[in-house]
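What follows is a pair of complexes built around chain A, which joins chain B in one and chain C in the other.
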Partner chain A sequence: MVGAAPRWMAPVALAFVAAIAFFMLVPLAVVVASSLSSSEFLVFPPRGFSLRWYGAVLQSDAYLAAAWTSIRLAVLTVVISLTLGTMAAIALTRFAIPGREAIASLFLSPLILPSLIFAIGLLMVFSIYGDGPSFTGLVIGHVVITIPYVVRTVSASLVDMDPNLDEAARMMGANWWQRYGLVILPQCRAGMAAGAFFAFNISFDDAVVALFMRAPSVETLPMRIYSTLEFSPNPSVAAVSTIMIGLTIVLVIALDRAFGLGKIM
Partner chain B sequence: MDTHLAISGVGKTFGTHTVLAGIDLSVEKGEFVTLLGPSGCGKSTLLRIVAGLETPDAGALSIAARDVSRLPPEARNVALMFQSYALLPHMSVLENVRFPLRMQNRYPKPEQIERAAAALDLVQLVDLNDRFPRQLSGGQQQRVALARAIVAEPDVLLLDEPLSNLDAKLREAMQLELKSLHRQLGLTTVLVTHDQTEALALADTVVLMNDGRIVRQGSPRDVYARPDSVFAADFIGGANVLDLVVTRTGGGWQARMPDGTIVALAPDPRLGEGPMKFMLRKEAIRLAPEGGDVGGDAVAIDAIVETQNYLGGSTRLALRAGGLSLIALVETGPDAEAADAAVRIAWNAADLVPLPGDV
Partner chain C sequence: MLIAPGLIFLVLAFFFPALQMLGLSLIGEAGGLTLEHYAKVAVDNFYLGVAWRTLRLALVITLACLAIGFPLAIVIQRSAPAVRAALIIMIVLPLMTSVVIRTFGWLVILGPGGLLSWTLQNLGLISSPISLMHTETGVVIAMVQVLLPFMVLTTLGSLSRIPPDLDAAARTMGAGFFRAIGHVTLPLAIPGLLSGSLLVFALSISSFITPSLVGGVRLQVMATSIYQQVTGSFDWGFAAALSVLLLLVTLALVVPYMAAAARAGGRG
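Right after this comes the complex of A and B.
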């Protein structure tokens, strides 16, 4: 039974929600507003109104190259993370594997481990056994930090699945490929979509692993933003950020339309 | 009629626990068999072995004169309807029913669709072909699962507690429908249930299982009327079990109740002198008219009504008679509502069925 909340709670709850909204939305609003400034410097409140910084971003080779790197990186991360994570989730939820608990914890450990420490370790490993930071290293790093999300969301879908579906499919004459392709994977769809969304966002947004794995030729968008902010802060940073916010919103809406967010997160 | 499904010497052990111990069972073509028993008796495991989802440790299995012991489920042409229905949630009703034909690559696509639609007609599910399982009621989902199980004309149709997720009223209606569907299609059917009413209502042959063994097997009437053990008597129908002492008299047999009352027994080759257990069905006991004639082969004794429950169509009496507590189910109870009303009860001598399986 859900009881009614005591009366005195209402104003407290309202204040709490207002505080959350304030600290979450105001920074975003500041960024968006700054991006529309016509001044040379990143200031708030913005001076004048202009879309010039959007134009500047879209004409900047540095930004475009960084965006392209980030998109390639995120897409590759999603593909690899989704494949491995889904296979891991299926194996961990459907089969009695020896040491299952330990393996499951291992897959989820990147969630708990500080990514800074992981990034330092990754850099050292690549420096010892490879040629130091590289795009490949970055992909591997991002796969590691995103895989827990895929394992979590896909496992959640599988736990909801009728455990008899696979046997029922067998009884109806489905072979191994058909059982996975037509019966089990379709049950994972919502979890895979959510996992892919998380993986894309985390990879696209990551600055920690990217900071350590940064090579002269490999600069992601967050790194570009960071160094612009550091050396020549101008509203182009805000414009790029606004574009990223917009992209995220579009992704969330698309996911909600296709699967219903309430169901998969 | 010939044996269509033959199970011989099938045994199964999980760890140290023997689930099935040497099961022999033959099912004729078109026969409807129910496997009945309490949970953990091995009936579901036996069904899964026939399906091929479980491998027996011993014994052999043949369907339509073909040894299927080593065949995987997908090669057996056996359909299994799960208790949970196991409908594919991402496929429409029609696609679900078409699925077996599609997987087995039978018929061109238009004919698959036609046959799936015909199967849905047969289970009286119309105009729902494009719905998804989650949009259907439990009863409708059950019909989809049934249509999907029969669409590919399996050699053997296996049903695992198919009606247990329905409410009582719908379950009764579905028992009638299932029986008529079986009559129409003539599919060899094995149904697992723990519900004795369902087992009796549907089967040509009831197979009663306990502890991994078949303890009684026969037509519903036979199994109900002539159980051979306390377990069989009690599990099917529920009954009074009486501890009596049997003695031989001149031409026949009689039994002494604990308080010394002597009752006549009908001749039965299973009778022997000494203490024996007997079954007396609740509905075999009737109220005898005071001092009136109860009929030639009937036994009448005095009883006290301790309590009665009015059940609508019948009345349940808790009786004390011959030094025993008895439960009777009669059409109309005694008029007196008072406790401890004295009545005279009667039953036919043949209704006192010996249970030689237990001493």
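Right after this comes the complex of A and C.
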């Protein structure tokens, strides 16, 4: 790369990047700092140091139940979204389906519709034709908003695939199951892993679909955090949020190690 | 057919709800087709004000993301690989963190007795505590942090497709640093900047969590007033009409974005 920027640019660029890094990361940092406070209130600077709020969270049935709901929801979403999305991506990239372009954009269309608007539509359908919002409804909603990511990542990995491999397998007498199980699916692995990451992350973090599809007995972690913030913020919310930030950091690093963030974003 | 299960699922779980909402927005209280819900938006000064605030905030947020995002993308693009990777993590990590948690951070910063007020007081710039909660400034600051990654990643995509030789050529021909940026990089980055802006604008008009928590009920935007209609007043026809209006604006922005992304050959 060319580097002929004026000499005074280097410190300016450095200061600019430092300011933006501060701006981007400070909201996460204050959440972590607040979770370590020993005081009852969320004030700055945090008073004293203690891990008592982590203890409070781990003993709170409401938080544990919400965490369990969030994990079940995210895992179910990943399994269903990955199954439907991978099948669709394979069909769309390998077969000459009539209207393929149109069908491909149908699968990506949930990306266009703001999740807020989709969530209201889903709530209306469940209330008019069913018994109102439920855990099942939430799973369906999350599969819809995550499927485009799976279709996109799996299609991208299939485009790089060598078509001769499948041809060779067929000529050697491999049956349908062997071809898909041993030749085609293994080549989708990277795309499926990236798709699963996005699906898990989106489902685990979503508060919008969850708030609209709110059923009395179903509460996810982001919903619980949202409603606590609306009424009475306290450091235990900060402790839960810090745990979720930690999980995100682990996932982002794993993703970076596995594929390189620059490539898939 | 491998595609049938996914397609049937999407038709039932995605297109059907969308059509259901369109239908509800057109059915009056007495049944029968009507535009009364839409008329209610047009004649009610409160909702006109909400719509105007939503668009105005989205415009300010988009311009701020553009002003910060473009230079940042240039710096990232020109950094050494290790620095570049670190900067991309700095952009992606907040993006991957739940919006609820990022907004929570802003509540602690902007609220009364928060980090901002404390810092300004210690610097002697203000004498009594301030709070940016329930202000448009507060909403804009928080929303820019939430949406900046979309602008940076989109712009970075278009910058990486500019052949580096072009820049070197401009330099060899005697163009200075800023001339090269202004006359070579900027014109070629415009598709990326444009699609980034459309994306940020579209996401910002339909954002719910941040305006709801930072702005509160006094500072309603389209998304929060729709939520109120659905969960508070149970006026579904009106909520559906507001949603359809929001959707129309979004589509008007996103369809050109998708077309631009497809033309650029990017992954959108």
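Basically, the second predicted complex is superposed on the first by the 232 of 265 C-alpha atoms of A that agree within 3 Å, B and C clash if a C-alpha of one lies under 4 Å from a C-alpha of the other, contacts with A are read in each partner's own complex, and residues count from 1 in each chain.
As a convention for this text, contacts are C-beta pairs under 8 Å (C-beta built on N, C-alpha and C of every residue); 3 or more make two chains touch, one makes a residue touch a chain.
Bear in mind that the values here come from a model prediction, so they are computed numbers and not experimental data.
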| item | value |
| --- | --- |
| First, second, both or neither for A:173, with chain B first and chain C second | first |
| Partner, of chain C and chain B, that touches more residues belonging to chain A | C |
| Partner chain(s) touched by A:96 [first = chain B, second = chain C, both, neither] | neither |
| Footprint of chain A on chain C - complex, ascending | 1-3, 5-7, 9-10, 13-14, 16-18, 20-21, 24, 68, 71-72, 75, 78, 84-85, 87-94, 96-109, 111, 113-115, 117-118, 142, 145, 148, 153, 164, 167-168, 171, 176-177, 202-203, 206, 208-209, 212-213, 223, 226-227, 230-231, 236, 239-240, 243, 246-247, 250-251, 254-255, 258, 267 |
| Chain A residues touching chain B - in the complex, by the definition given at the top | 162-165, 167-175, 178, 182-183, 186-187, 189 |
| Chain C contact footprint on chain A (complex, rising order) | 1-6, 9, 13, 16-17, 20-21, 23-31, 34, 42-45, 84-85, 87-88, 90-92, 97, 103, 106-107, 109-110, 112-118, 120-125, 128, 140-141, 143-144, 147, 152, 156, 201, 204-208, 211-212, 222, 225-226, 229-230, 233, 237-238, 241, 244-245, 248-249, 251-252, 256, 261-262, 265 |
| Chain A contact footprint on chain B (complex, rising order) | 51, 53, 72-74, 78-80, 82, 84-90, 99-100, 103-104, 148, 152 |
